[in-house]
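Below are two complexes that have chain A in common, paired first with chain B and then with chain C.
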Partner chain A sequence: MKSRESKEKKSWYFNCCKKPQTMDSDLSDQENYTKSLEKLVTEQENIEADQKFMYDLLVIGGGSGGLAAAKEAVNLGAKVAVLDFVTPSPRGTTWGLGGTCVNVGCIPKKLMHQAALLGEAIHESAAYGWQVPDPNIIKNDWQALTTAVQNHIKSVNWVTRVELRTKKIEYFNALGYFKDQHTICGKMKNGEEKVFTAKNILIAVGGRPRYPDIPGALEYGISSDDIFSLEKAPGKTLVIGAGYIGLECAGFLNSLGYDATVMVRSIVLRGFDQQMANTIAQEMERRGVHFIYQAKPSKIEKQADGRLLVHWVDKERQTHQDIFDTVLFAIGRKPLTEELKPENIGLQLIPETAKIDAIDEQTNVPNVYAVGDVLHKKPELTPVAIHAGRLLARRLFGNSTEQMDYVNVATTVFSPLEYGCVGLSEEAAIAIHGEDKIEIYHAYYKPTEFFIPQKDVSNCYIKVIAFRNGDQRVLGMHFIGPNAGEVIQGFAAAIKCNLTFPKLKDTVGIHPTVAEEFTRISVTKRSGLDPKPQSCCS
Partner chain B sequence: MFRTSLRTVRTALGSKAFANAPAREQAVSTAFKVQDPKDFNDRVKNSKVPVIVDFFATWCNPCRMLTPRIESVIAEKQGKVLLAKVDIDENSDLALDYEVGSVPVLIAMKDGKVLDRIVGLQDVDKLKQFVDKYSE
Partner chain C sequence: MVLRHHIEGYENFFKFMKNFKPNESVYVLYSGKKLPNGKSWCPDCVEAEPFIEEGFKTASESAHLVEVEVGDRPFWKDLNCPFRTNSTTKLRVLPTLAKWNTQKRLEGDQCQKIDLIEMLLTDEDD
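And now, the complex of A and B:
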């Protein structure tokens, strides 16, 4: 951001005085003089700005990143407004204030995941002596589940609304677009347009699910925008796409008692450690989720009975078909940047993805910033959007210089058996550092609580990637097992503090937990030794 | 059990009855649902008798329990005090103007002025005490 800001000011000077100047030259006296001149002018500009514009910061998009930035900015004394507007999904689903995570993302997903885990626990509890009536006749009531989930979401919407009011952040339920660099038009629900001006503008509009260009997709398909509030139980479901969303949705649907199939175009969980990703798929398959590999849907038709006939093509170009009640697309998300009329301010987007390649959250238009899912090659995760938004507000209004660190962000795939990781995958570590520079430690393990109900432990697996020599710094940690998110979070902090393998081994575990397995890990892949634990009787 | 009680409350709260016979309903009923800020102005702020305003949300469990309780307490007062129910999702700005944070909130109003407020679920005795003060 610094560099761009100075670039902007320098070019101002450039324009006025026509004095040639190189960007990266050391500061000469002449430049120092120029700098102080710039400073004066900028201060002057600041004073004007405060009177000229309605707001110090206008945030387009009241989701994770936008709200975090807005709250931090008002705390630092800025005058802030937030526009948030939800365009209905192709199927007509809409929701309230707070963005993707709260309404159609992390929160409902985690609650449905929890519902799935509880179902599992009912079955296990019999082995622990609970006198449950035949667990096989216990069913989940989809309406009761979605009502409970939606009620929670509505309460969060309300709390968000109250918080904005208490913090004196002006909120408008309006769809914003750029008129010029400092002016935003907001279209309200009733069609009326309102004009807002601001010194700084933050783009935090996130994204929406993509649909493939095949017959029937838009008419009959649904997405993660719809599933958490679906009025009717989804029934036999085809999930297309094998990213986070595809696997998580197929996972909880299967556990809730619905026949679920994942259609994989190429590989599962692209970008993740592939050994771990395949283990997750294997575990889901073991639990009853079906996988169709190397296939692409080609057509969806509605039959007379209302069910959906899906056609797909495999890698041999053979066509197949099957009947489903629900087809859910989870093939990635499209940022809502083109809808902002970026051409009106010359805002540059990456042509293929429409994402914004911001430098330190600053776009090529100096007073326009961006955080969250709209950012090019940054993790699409809520805490990333929140942290970046908060730090940006501190730099804009709190004289901070702290930048967002997008490296080593931990994440978890909430598949029925969770997968959490931080740092490099095995493939990435090898590609970056070379195979003989790194050591890969791995282990299978048996969670204590799995023994009595005789739960399958074959996919409880962990992996640590570290430098082989020198300080043996840990480069990546991977965990498949119960509560993976809870397990990996603390290790992410350790990695941020430059955790080394000896330090990890020197850490005394907490017994009996699953997280302690990381402190016991010792078998390297290079050794070829068996990473399976000793067993007593199986 | 839970679902039935939910349904009962929903029906009780439904605006349908008012839509069908607004004038009569208003005349005989001691409880009504506020439709919009104008309605609030007409029937609450300009009411001749004190009004208890019940700010509730459909997603709030304690609200579902409180509403029938306050309804029965008000019904006993035979029109000396009225009950106005405000769905905070339908009338968010109104609720925010009255500084409603967590729900349920009961506000006692007379001549357009707030006299008293209680936040959270209350038992019937507490509700009686609260209402008695304004039904003399």
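And now, the complex of A and C:
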């Protein structure tokens, strides 16, 4: 069962409000004839029916995916409205239009990571001849950093508002939920409700951080929703959770001069190549981030001095405790689908995760679509949501048939030493194709610019996974080192073009770069040869 | 009607802005210095004028509009012009209509759109 939509691939104008699809498709010829007559009439009626909806498309959620779909839809002539509302975090943080990425995700994270890299560069610069007074007395001013970051975010919020207004997309600061499959109620800040009707509805509400059910978590904990606008410097911080958000936060906090500890329940960077994940953790540990493995927090208490006493349990069920200034939960995110009152339209959710199992972004309710972090088993990444939203709008309003390809999407973890990857992990490649069918190439390398400041190169490591036989198509590429995102993006395009290992080897590198290491890779894991570089360069 | 103020030059501007309390609604219109004929040397500023007049008709009585003449053409065209490099004003375009102490601003021909001016005046989020 492929697309639910393909049956109705005619002009979008005619298939709003279509009769509920029933299971009894075994109709007699006579019935078919009557049906098709009825259909003609219905299509005529639908033209008028369209007038009764306020919008062609109503988007719930003004984040990356929702806004991309809205903009594309108006460009194609549709009448569009966007509802966006940020429920305050448990500690009271809110933000403006634009969604997670802009306000409490990719953007502030990348800026704080950049702040961390600059701090590192100040220390290195002395080795390159810069007369830095005393690098050890150089401190980061948390207030100055958060103000700069927040100002950037606010200017993006505003530019987004201006863009929507200019494009004639109606924006409402309201929390939307379903009344019926064409009607959305929007609850405004003042409690008033406004009713919207639309032919098509796009769910793009994204998700928010989860909190564990332990005493003190909601009262004293914070999350990625709060860290980027925290009024006071975080101080000694415990990050609970070792997904990419946890590692990135612990990474930049440590680099900015705060004592940072990561509490890992089971494994680091679940879903990522585990050899690469452990290398990243190792590198962070080398830089001073503490790791507590196989531990679960059990209680957070506020002491008289305002600091937080955290209790946790290890795998032997031993309890431990330590004092922190800040406890940041990064244990996962939950989609905001329950808030939509899905029961009112019979919208099906995956019971365990409350996510939406859409087929080509279409939910089980034919005129209701979904993009972004609410989608079941799809990468929770801004560019994925944007691309899916844009393609969906083109299919709805531009007669396009192009579908979103969720495979081979590259991503990067902005840990202090970054990790970029595209395609399969080693584990996934072995599980899918079998160890005999694949070849794993790997290499350690030494970035040229690391020599003078004597930076540690022990975790600069790359890996290429390819078919062993046939065309030796490349299945996955993994890179740990500086500028990993910039390195991996181009290779992602190559993989999209069916890059083969011989083609990779036939590519001439750019010297001296870190990306060229992929063109030099030759040692296979199977050979057992040392993947460490023999000499300094070339 | 909005309370209007008129200022010329960089130092004067920053000195003048100290008069306002943080909770006041202050809007700043940055435009090119006026020529002897009473019109700014910057044609886009001249074009925006009637729209800004119109847009501000509905502004609250307690709101302030500070019209600042940043300088003559060579002063503005210099990429080191202090209005450009200052981290608060960080001007890129003339005219710019900004809400003081926020990141909200309309640049260039955005100042000729009544609904954008209205949005700048009424938007409550910061």
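In the analysis below, the second predicted complex is superposed on the first by the 491 of 538 C-alpha atoms of A that agree within 3 Å, B and C clash if a C-alpha of one lies under 4 Å from a C-alpha of the other, contacts with A are read in each partner's own complex, and residues count from 1 in each chain.
As a working rule, a contact is a pair of C-beta atoms (placed from the backbone, for glycine too) under 8 Å apart; a residue touches a chain by one contact, two chains touch by 3 or more.
Note that the structure is a prediction, hence the values are computed from the model and not measured.
Chemist: Give one word, clash or fit, describing how chain B and chain C relate on chain A after superposing.
Modeler: When both complexes are placed onto chain A, chain B and chain C end up clashing with one another.
Chemist: Quick check on the superposed pair: does A:R165 touch chain B, chain C, both, or neither? Answer first, second, both or neither.
Modeler: The answer is both, since A:R165 touches chain B and chain C.
Chemist: Please indicate which partner A:A144 is in contact with in the superposed arrangement: first for chain B, second for chain C, both, or neither.
Modeler: Only chain B; A:A144 stays clear of chain C.
Chemist: Mind working out whether A:S155 is in touch with chain B, chain C, both or neither, as first, second, both or neither?
Modeler: A:S155: touches chain B and chain C.
Chemist: In the overlaid three-chain picture, which partner chain does A:K299 touch, first (chain B) or second (chain C), both, or neither?
Modeler: A:K299: touches no partner chain.
Chemist: Which parts of chain A are touched by chain B and by chain C alike?
Modeler: The answer is residues 151, 154-155, 157-158, 161-162, 165-166 of chain A.
Chemist: Which part of chain B faces chain A closely enough to touch in the complex?
Modeler: It comes out as residues 3, 57-60, 88-89, 92, 96, 100-101, 103.
Chemist: Going by the contact rule at the top, pick out the chain A residues touching chain B in the complex.
Modeler: Those residues of chain A that touch chain B are 144, 150-152, 154-155, 157-158, 161-162, 165-166.
Chemist: Which residues, counting only chain C, touch chain A once they are in their complex?
Modeler: Going by the criterion above, the answer is residues 102-106, 110, 113, 115-116, 119, 123, 125-126.
Chemist: Show which residues of chain A lie in contact with chain C when the two form their complex.
Modeler: 96-97, 151, 154-155, 157-158, 161-162, 165-166, 173
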